[in-house]
Amino acid sequence: MSGFAALVARDLRLVWRRPGDVAVVLAFFVVATTLFPLGIGPEANVLARIAAGVLWCAALFAALLSLDRLFAADFEDGTLDLLLLAPWPLELAALAKCCAHWIVTGLPLAALAPLLGVAFGLESSVLLALSATLLVGTPTLSLIGGLAAALTLGARKSGALLALLALPLCVPTLIFGAGAVEALASGGDFGAHFAVLAALALVALATTPWAIAAALRQAGE
Amino acid sequence: MSGFAALVARDLRLVWRRPGDVAVVLAFFVVATTLFPLGIGPEANVLARIAAGVLWCAALFAALLSLDRLFAADFEDGTLDLLLLAPWPLELAALAKCCAHWIVTGLPLAALAPLLGVAFGLESSVLLALSATLLVGTPTLSLIGGLAAALTLGARKSGALLALLALPLCVPTLIFGAGAVEALASGGDFGAHFAVLAALALVALATTPWAIAAALRQAGE
Amino acid sequence: MADLHFLANPARFRRFSQRVVPSLSGATALMLAVGLYLALLQSPPDYQQGDTVRIMFVHVPSAWLAMAGYALLAGLGASLLIWRHPLAALMARAAAPVGAGFCAVCLLTGSLWGRPMWGAYWVWDARLTSMLLLFFLYLGHIALSRAYDEPERGDRAAAILALIGVINLPIIKFSVDWWNTLHQPASVVRLGGPSIHPSILVPLLWMAVTLFLLFVLLVLLRTDTEIDRRRLENAEQQA
Amino acid sequence: MATPLLEVADLACRRGGRRVFERLSFSLGPGELLALIGRNGSGKTTLLRALALLMRPEAGTIRWQGVEARGEPDVWRGRLGWLGHLEGLKADLTVAENLLAAERLRGAPPAEDRLDSALVAFDLSSLAQRAVRTLSAGQRRRTALARVVLTQAPIWLLDEPLNALDAPAQAAFREALATHLESGGVAIAATHADLGLPGGRTLELGTPT
Amino acid sequence: MATPLLEVADLACRRGGRRVFERLSFSLGPGELLALIGRNGSGKTTLLRALALLMRPEAGTIRWQGVEARGEPDVWRGRLGWLGHLEGLKADLTVAENLLAAERLRGAPPAEDRLDSALVAFDLSSLAQRAVRTLSAGQRRRTALARVVLTQAPIWLLDEPLNALDAPAQAAFREALATHLESGGVAIAATHADLGLPGGRTLELGTPT
């Protein structure tokens, strides 16, 4: 377990070394969100209608953009070998990397989303729901994205194709995340959507670390 | 000039060795676009209304997603040094890299967009216009994205900084691209929008290669 | 122009700024006091907007200065890349956050004003959005210039960005005509028309000059700091 | 001869469908050094990676004090000090931070004084607070060697440790290796140059096909 | 002594705010080899990069047959054969594709027979169709050396060319270098080992501060 904490700490320190790196992800989130009104046009009722989808989509992009180097950097400088050689389960290491990623992206994204929701004209109760869904949904994105990042490491063709499968794996989270917010806005069943979202997160937590560890071992060969 | 062709050919061959990378970008485009009908619900008039904007935004993200390794891979394995040492203008090399990127992303995106437009209930004349705007607009995205990729090369930041730099610069293209399609759909002045789009592409073509070359030279130091 | 060239040398700039800063800060403070009096007390409340109209005296000059600031960054970028003026880099580093600050002030005052006027803090109007994009351009510049281990490289990368980014400014401005579907409310058009009342116009222009002086003052002071910091870093590394 | 600590029997490995070596056997007692030599592509790196369980051999066993390494992989890994072709350093962290982070990843508590002595041994004290990205090739290699010394692991697996080192750094490495062997550790090092330690054994891998 | 081809005068370079060397001057005539030696971090790589115009020196001039290199950078670059710490190979391309692509990038038409002889010289013929990612460290280094030979450039700039090479590959490199020098070329090589060519000159860079 101390290795787990050490790995999280190391990755956080790496982020800390790049002051503003988190700010950059967040700024990207903001810019990405503002693009949709630009492309679609400024009609307030249309915007409020699609706000949840847009914000969730932008959160996915932000997570993905910062994910693709999650393991690649370690692979290229040889620190992945050191991870593989650490005398504790690789599954924990995989979890630690995803955890660090979530702390520096998912958490701030969930905190920032309500602000952007205001710009889209969402009501305050909906804003809270938005934040809550992101809080529960982004760990799934970090875990699935981490899996895709690990699979693409070995750069075999099959690996890249498997990453192609990982993207659709994020779709349920997006649908239920955006769906929950919209359900609340339109008087639907928020709770049911939210429960599915949480269930997805648990399933991801229970399965992806093993898959990631297997992919990393494979890449190390 | 033969060096230019050689560089384009080399980059295309590299992509050919890993077809999954292009597939991921296209899949991203499809998933990002189909998310909206799923999230918003099947109201045909709302969907047709936002189709152009959504497709253009998704294309922009897809292009950016694949851009952040444009020069970074060459930087890390030392081939950037060889490019810098080639006895012909670095500006041409910059253009060649962006050109190869456009062939493997912009071109397929423009080909794929009409198919997705059908799903949004766009009319056939509008579909054609969508494809045409993407064809003219995506080179600008590749060039601006290439500049952002070159600027962030030696920097301590990840792909998100690249996106932060590139997105505001891409906004005019996005506005006029989506605007042209929408103008056609709503009986506006398609030609004028399209002309601006083409002008933007020419301006980008005339300025970014110099800026990219300057950025690459200083990344090599 | 000859004057600017004269200032390209950090040491000479230092002497120049030490001479100018005291009187400049005095003048700015005085102008600000008078300006606040004009804007807050002397000018009449608008018959329609009431006292909220006073936001304009900060809002409009900030918008102008934010735009001028980015043009300044581009000019400094050019002089760094073409003539390699060492001072240009330091001044750009100093000016970017100041410009971004004015941009933020414009956005904040605008959206505070928007709540009573439009019933919303934010609408996706072309003018508002273009200002937001300008803010992002500033953020990109600041982030890029600080993203390198060697500050000189950050300077040059940011200079390249500013030169390309400035092309965007007029485009964003023109896009108002193409893209705008939600028009500015009538009250704005009335105020912005040629028949603007002198009781509003005078404090507005007064505040514009005041904030311009403030802008110059802040840039000078921050440039001084940047010179010190760069010297300190060099000394540290030489040691 | 002392009782063997490390026994490798009948090891065989393939890479990309080709067999690199087969029926490879050797054993090492306390304080013994094995120099792996052979042509480029003869399988030195492959053998080291197989010993570290970084890749799965086709056949064969690796035993430490009679216990199969694959049986308890985490315990086995805890015994290894590893230096690969790549240094395994984070460019954004300083030299000291890299060494500490690597120690913590192994689960060991950070030890200030040991850190200092490792830095001194490889003449890195003045570079301790520099980000690794600003180091020269040899300075990086020295940092990676300091990392190996810090592990205090009984088994060192080193892939071309002398690469990029200047003469004083080579001497420092030899001294560190001698100390390690004297204290009863074993070491296996792939190399093209002479390791320059008396009494080391040599294993030559066959020419690649 | 022959009239100098390459004249370097008063070169000074800084890295990260520190001065690495200053007032460095030397000149090389046809067929001359300069070995750069010095401690890790003494500035060998920095000097080579400055000579290749990959970084801007603080002061000093580089002249080739009396003409300043900076004046016609493209012409100067066309004269260089470069081997850095990094190999500059694309992992996804085969050995032959890498060599051809590098040649084409220099603007030269691809030459089948020259390619073959370069492959033979470094014993790469059997690896020509293998993707570089499946090569061992020394096999990669040999590919990079074959790339330098292919350029037929009059000036070779080599950073630790012997790194990772086995004995036969080192001999092949020496032979290629000797041929290059005999045909009137010049070469500058940073190295920690003995290059093993008679008559080469040596430049020692000062200890880093």
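As written, the chains take the letters A, B, C, D and E, and residue 1 is the first residue of each chain.
By definition in this document, contacts are C-beta pairs under 8 Å (C-beta built on N, C-alpha and C of every residue); 3 or more make two chains touch, one makes a residue touch a chain.
Since the structure is predicted, the reported quantities are computational estimates derived from the model, not experimental observations.
J.: Expressed in steps between touching chains, what is the minimal separation of chain B and chain C?
T.: Graph distance in the chain contact network comes out at 1.
J.: Highest contact-pair count belongs to which two chains?
T.: Chains joined by the most C-beta contact pairs: A-B.
J.: CA centre of chain A versus CA centre of chain C: separation in Å?
T.: So the centre of chain A lies 36 Å away from the centre of chain C.
J.: On a C-alpha centroid basis, what's the spacing between chain C and chain D, in Å?
T.: It comes to 57 Å between the two C-alpha centres.
J.: So what's the Cα centroid distance for chain A and chain E, whole Å?
T.: Their C-alpha centroids are separated by 45 Å.
J.: In chain A, which residues are in touch with two or more of the other chains?
T.: Those would be 17-18, 20, 24, 27, 31, 38, 41, 76, 155.
J.: Would you mind listing the residues of chain C that make contact with two or more other chains?
T.: 133, 136, 139, 143, 147, 149, 179
J.: So which stretches of chain E touch two or more other chains?
T.: 16, 85, 91-92
J.: Can you tell me which positions in chain D touch chain C when the two form their complex?
T.: So the residues of chain D in touch with chain C come to 131, 133-134.
J.: Could you list, by residue number, the parts of chain C that touch chain B in their complex?
T.: Residues in contact with chain B: 81, 133, 136-137, 139-140, 143-144, 147-149, 153-154, 156-157, 160-161, 163-165, 167-168, 171-172, 175, 178-179.
J.: Along chain B, where are the residues that touch chain E in the complex?
T.: Contacts found on chain B: 2-3, 6-7, 9-10, 13-14, 17-18, 76-79, 81-89, 220-221.
J.: Touching chain C in the complex: which residues of chain B?
T.: Listed in rising order, the residues are 144, 147, 151-152, 154-157, 161, 164-165, 167-169, 171-172, 175-176, 179, 192-193, 196, 200, 203, 207-208, 211, 214-215, 218, 221.
J.: Using the touch definition up top, name the residues of chain B that touch chain A in the complex.
T.: 18-21, 23-24, 27-28, 31-32, 35-36, 38-40, 46, 49-50, 52-54, 56-57, 60-61, 64-65, 68, 76, 156-161, 163-164, 167-168, 171, 174-175, 178, 182
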